[in-house]
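Consider the two complexes below, in which subunit A is the common component and subunit B and subunit C are the respective partners.
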Partner chain A sequence: MDKQITAYTYIGEGKVVVNKRLIFYQEKITTFAEFIKSLYKQEQLAYPKFYKMDSLSKLGFISAELLLRNENPGRFKPGSLAVVLANSSSSLDTDLAHQESIRNRSAYFPSPSVFVYTLANIVIGEICIRHGIKGENAFLVSEKFNPGQLQEYVSDLLDNNQAEACICGWVEILGSNFKAVAALVEKDGSLASLKTEYNPLPFTEAALNELMKVN
Partner chain B sequence: MDELINKLKKEVIAQLNLEDISVDDINPDAPLFGEGLGLDSIDALELIVLLEKNYGIKIEDPKDGKKIFYSIRTMAEFISEHQKKA
Partner chain C sequence: MKPTYVISENIVSSLGFTAAENTDGLIKGATGIRIHHETTLYPNPVALSLIDTHHLDQRFEVILNKFKKEHRAGSYTRLEKMLILSISDALQGIPVRVDDSKLILMLSTTKGNIDLLEDRYTAKFDHKRVYLWALAAVIREFFGLANTPYIISNACISGVMALIKASRLLRSAKYDYAIIAGGDIASEFVISGFQSFQALSSEPCKPFDLNRKGLSLGEGCGTIVLSVNPPDVSSCSILVAGGSVSNDANHISGPSRTGEELSMAIDTAIRESGIVNNDIDYISAHGTATPFNDEMEAKAISLSGMNEVPVNSFKGYWGHTLGASGIMESAALIGSMKMNCLFRSAGFETPGVIEPINVIKETIYKPVSTCLKTASGFGGCNAALVFQKI
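Showing the complex of A and B:
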């Protein structure tokens, strides 16, 4: 069977959509921190380490959380679930916070907990720790969303039996601008389609493009 | 000492982003690591920064860390002793 997108999440423009269903909406966003905290509280996600994450990790973490929330934890064997994420600003949002903390030589107090997030792929680590994922992973950085590259990379992993399924998507944040789209792609999507109301989409470049436009 | 303990609790909550924890939730004698607040190694580094930034105290010997950062009370006692010496 062809590869399919069996679940997705969209976070952007104040909206949070999971499998076509709007689950959260904030018309006026004051700050990303307030927005993501409200979402975390509404969804009753009990994971205290969330508060210690940087913004990029919070965004990716919640996307994966909503994506996998209804999954049976044992459905994916260890090592069979991959994670491939992409964005355009890498970890710049946190890099700037770190730079600010070391700018003044007379008040030079770099924060270790900020510094540890000055790599974009840490968000993947947070997701993997939370869900016990031990499969392949990659974080791609490109100027614009490149669905062709993402589709090709993930397809290659699945076609070559490096993974049975993959969380893939776009997790971007810089200052007050943020957007995240995460999709669960499976080799055999027929099983997932039986258990959800969401009709799987074929895993194509066009489908990934469509998910980015959810509104 | 109680005043310093309360101040320290507030500073630890802010420095370590312990969002769902209030001053009253922290037992000053409970271990900060392992059980108690369940802090990790990055939190330990943040506490070292806190002492330096807020109290001007540098931990000279890393081996002392285990004793100093055992609980909020041991931290407060260490700060108090240091302030007397200064």
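Showing the complex of A and C:
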């Protein structure tokens, strides 16, 4: 059986789509913080650590939350699920906040709770903690969304038995510009398709590209 | 699957600008970590491993002339100079054409040109240069590489991960050559951050020692060139045999309490290499010298049944160089394999971890043929990589 995308999420342009279904829409977005908080509340997520996260982690965390919400928690063994994410600006959104805190020697207040988020892969760490994921995790950076790179990385993991399934996607935020697309890719998606309304897609570069265009 | 051979390596650190200069420093056993009072880096004195700026600029001028570049040295950032020096040294004397379409540059860095966020640089460089892909584009342009560089930014395992991914790309015949380069600078950004964590030692760091008081930051670059073809002239061939990555799923800034997940990556990397844990005759550990990291690593080594295997950390020589560390330390490990020499773990005097492990106290010459490199980082990530001499 070929590798399949068995679930996906899209967050962008005020819309949140999960498996083809629009679940949230905000026509006028004031700030990312407001947008993500409204989404968190509507979806009745209860994870107090969410409020401590930086924007990149919030965006990735909610994507994974929506992606895995109907999953039987025991379906994946901890070491068999991988996470591969990518973006363009790494952790720059939070880097700027940390830099601001050390800009003036007269008001020098670097904070560990900000600094810890100045690494792009912390979002993966947050997702792994929440879902008990212990498989391979990688954060890649490219100027623009690079579906070929993601597809190759994840296919290689699944083909060589480094993982049974993988959460992969693009999680980008800088200021008020944000977009996140996440897909659950499985070696054999035939079981997953039995329990959802969503028809799995073949896991190809073209399919990933399509997910970025959801509107 | 094709085997992947190490065909050259470079280290740029406070100890020197080539792999040989660095291994000379390791043999002498001297540390490059000093107490620096550089107010552009931190308001107070701090123990750091820094590359001498004057020396760096001198070496860079030579490279600029060699490559007949019209650009002036001033149009390159500190990290770009370090990376270009490291890569150009690694490319010397090997049969690799940089414009080969079957060659990929893997770039490993945690913070890239992060110093460009400082006010003193904002007028000098385009603000875009702080993006990791813009840094990669400068390196690509300098050497005239055919392909867009592959960028990995996964905290302190970035370097080991870049080596693992490069070997997979070569094994699956997507490329014939990979230049794996990693670099990070000592910046006010990073120093102030680690200080706010109270993670920095006031003296040169002491990995695995009873009196370790935290890490020492360093700056540096490392480059390793891998090929699907064995090296032309060499007394031995070194292969990248297998690698694995795992996550603790425990804490974003603290390591696993059990070391199970690093041990899982170690065991998987060894299994993938077609060997058994008993075959490993040397481990280059991450060894940051923070109380929890070293304890976790000792537990993982013990869980993998390797308490007797000689272990060292290179952090006592050139500090923690973040995204560069995995590549610099792998290059030093390759030096150990070539010279059949195990370097003492600088800063280690009295055993200071609960699980007994065999930390190298004195540099010794002995056959070294199958080695393990490990790394762990923020975000709960772990990586393990096996090198084999044939």
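Annotations
Throughout what follows, the second predicted complex is superposed on the first by the 215 of 215 C-alpha atoms of A that agree within 3 Å, B and C clash if a C-alpha of one lies under 4 Å from a C-alpha of the other, contacts with A are read in each partner's own complex, and residues count from 1 in each chain.
The definition used in the following text is that a contact is a pair of C-beta atoms (placed from the backbone, for glycine too) under 8 Å apart; a residue touches a chain by one contact, two chains touch by 3 or more.
Computed from a predicted model, the values in this text were never measured in an experiment.
Contact with subunit C, but none with subunit B, is seen for A:140 once the two complexes are overlaid on the shared chain. In the superposed model, A:51 makes contact with subunit B only, not with subunit C.
In the superposition on chain A, A:92 makes contact with subunit C only, not with subunit B. After overlaying the two complexes on the shared chain, residue contacts for A:35 are found with neither subunit B nor subunit C. Of the two partner chains, subunit C is the only one that A:79 touches; subunit B does not reach it.
After overlaying the two complexes on the shared chain, residue contacts for A:170 are found with neither subunit B nor subunit C. When the two complexes are overlaid on their common chain A, residue A:126 makes contact with subunit C while staying clear of subunit B. Of the two partners subunit B and subunit C, it is C that touches the larger number of subunit A residues.
Touch criterion not met for A:10: it reaches neither subunit B nor subunit C.
Touching of subunit A by both subunit B and subunit C, each in its own complex, is seen for residues 110-112, 116. Contact residues on subunit A toward subunit B in their complex (touch as defined above): 37, 48, 51-52, 109-113, 116.
Taken in their complex, subunit C has these residues touching subunit A: 43, 110-112, 114, 117-119, 130-134, 148, 150-155, 161, 165, 168, 172, 174, 188-189, 192-197, 244-253, 261, 264, 268, 377-381. By the touch criterion stated above, subunit A contacts subunit C in their complex at residues 78-79, 83, 88-90, 92, 95-96, 98-99, 102-103, 105, 108, 110-112, 115-116, 118-122, 124-126, 128-129, 131-143, 149, 152-153, 156, 160, 162.
Interface residues of subunit B facing subunit A in the complex, by the touch rule stated above, are 16-20, 42-43, 45-46, 49, 52-53.
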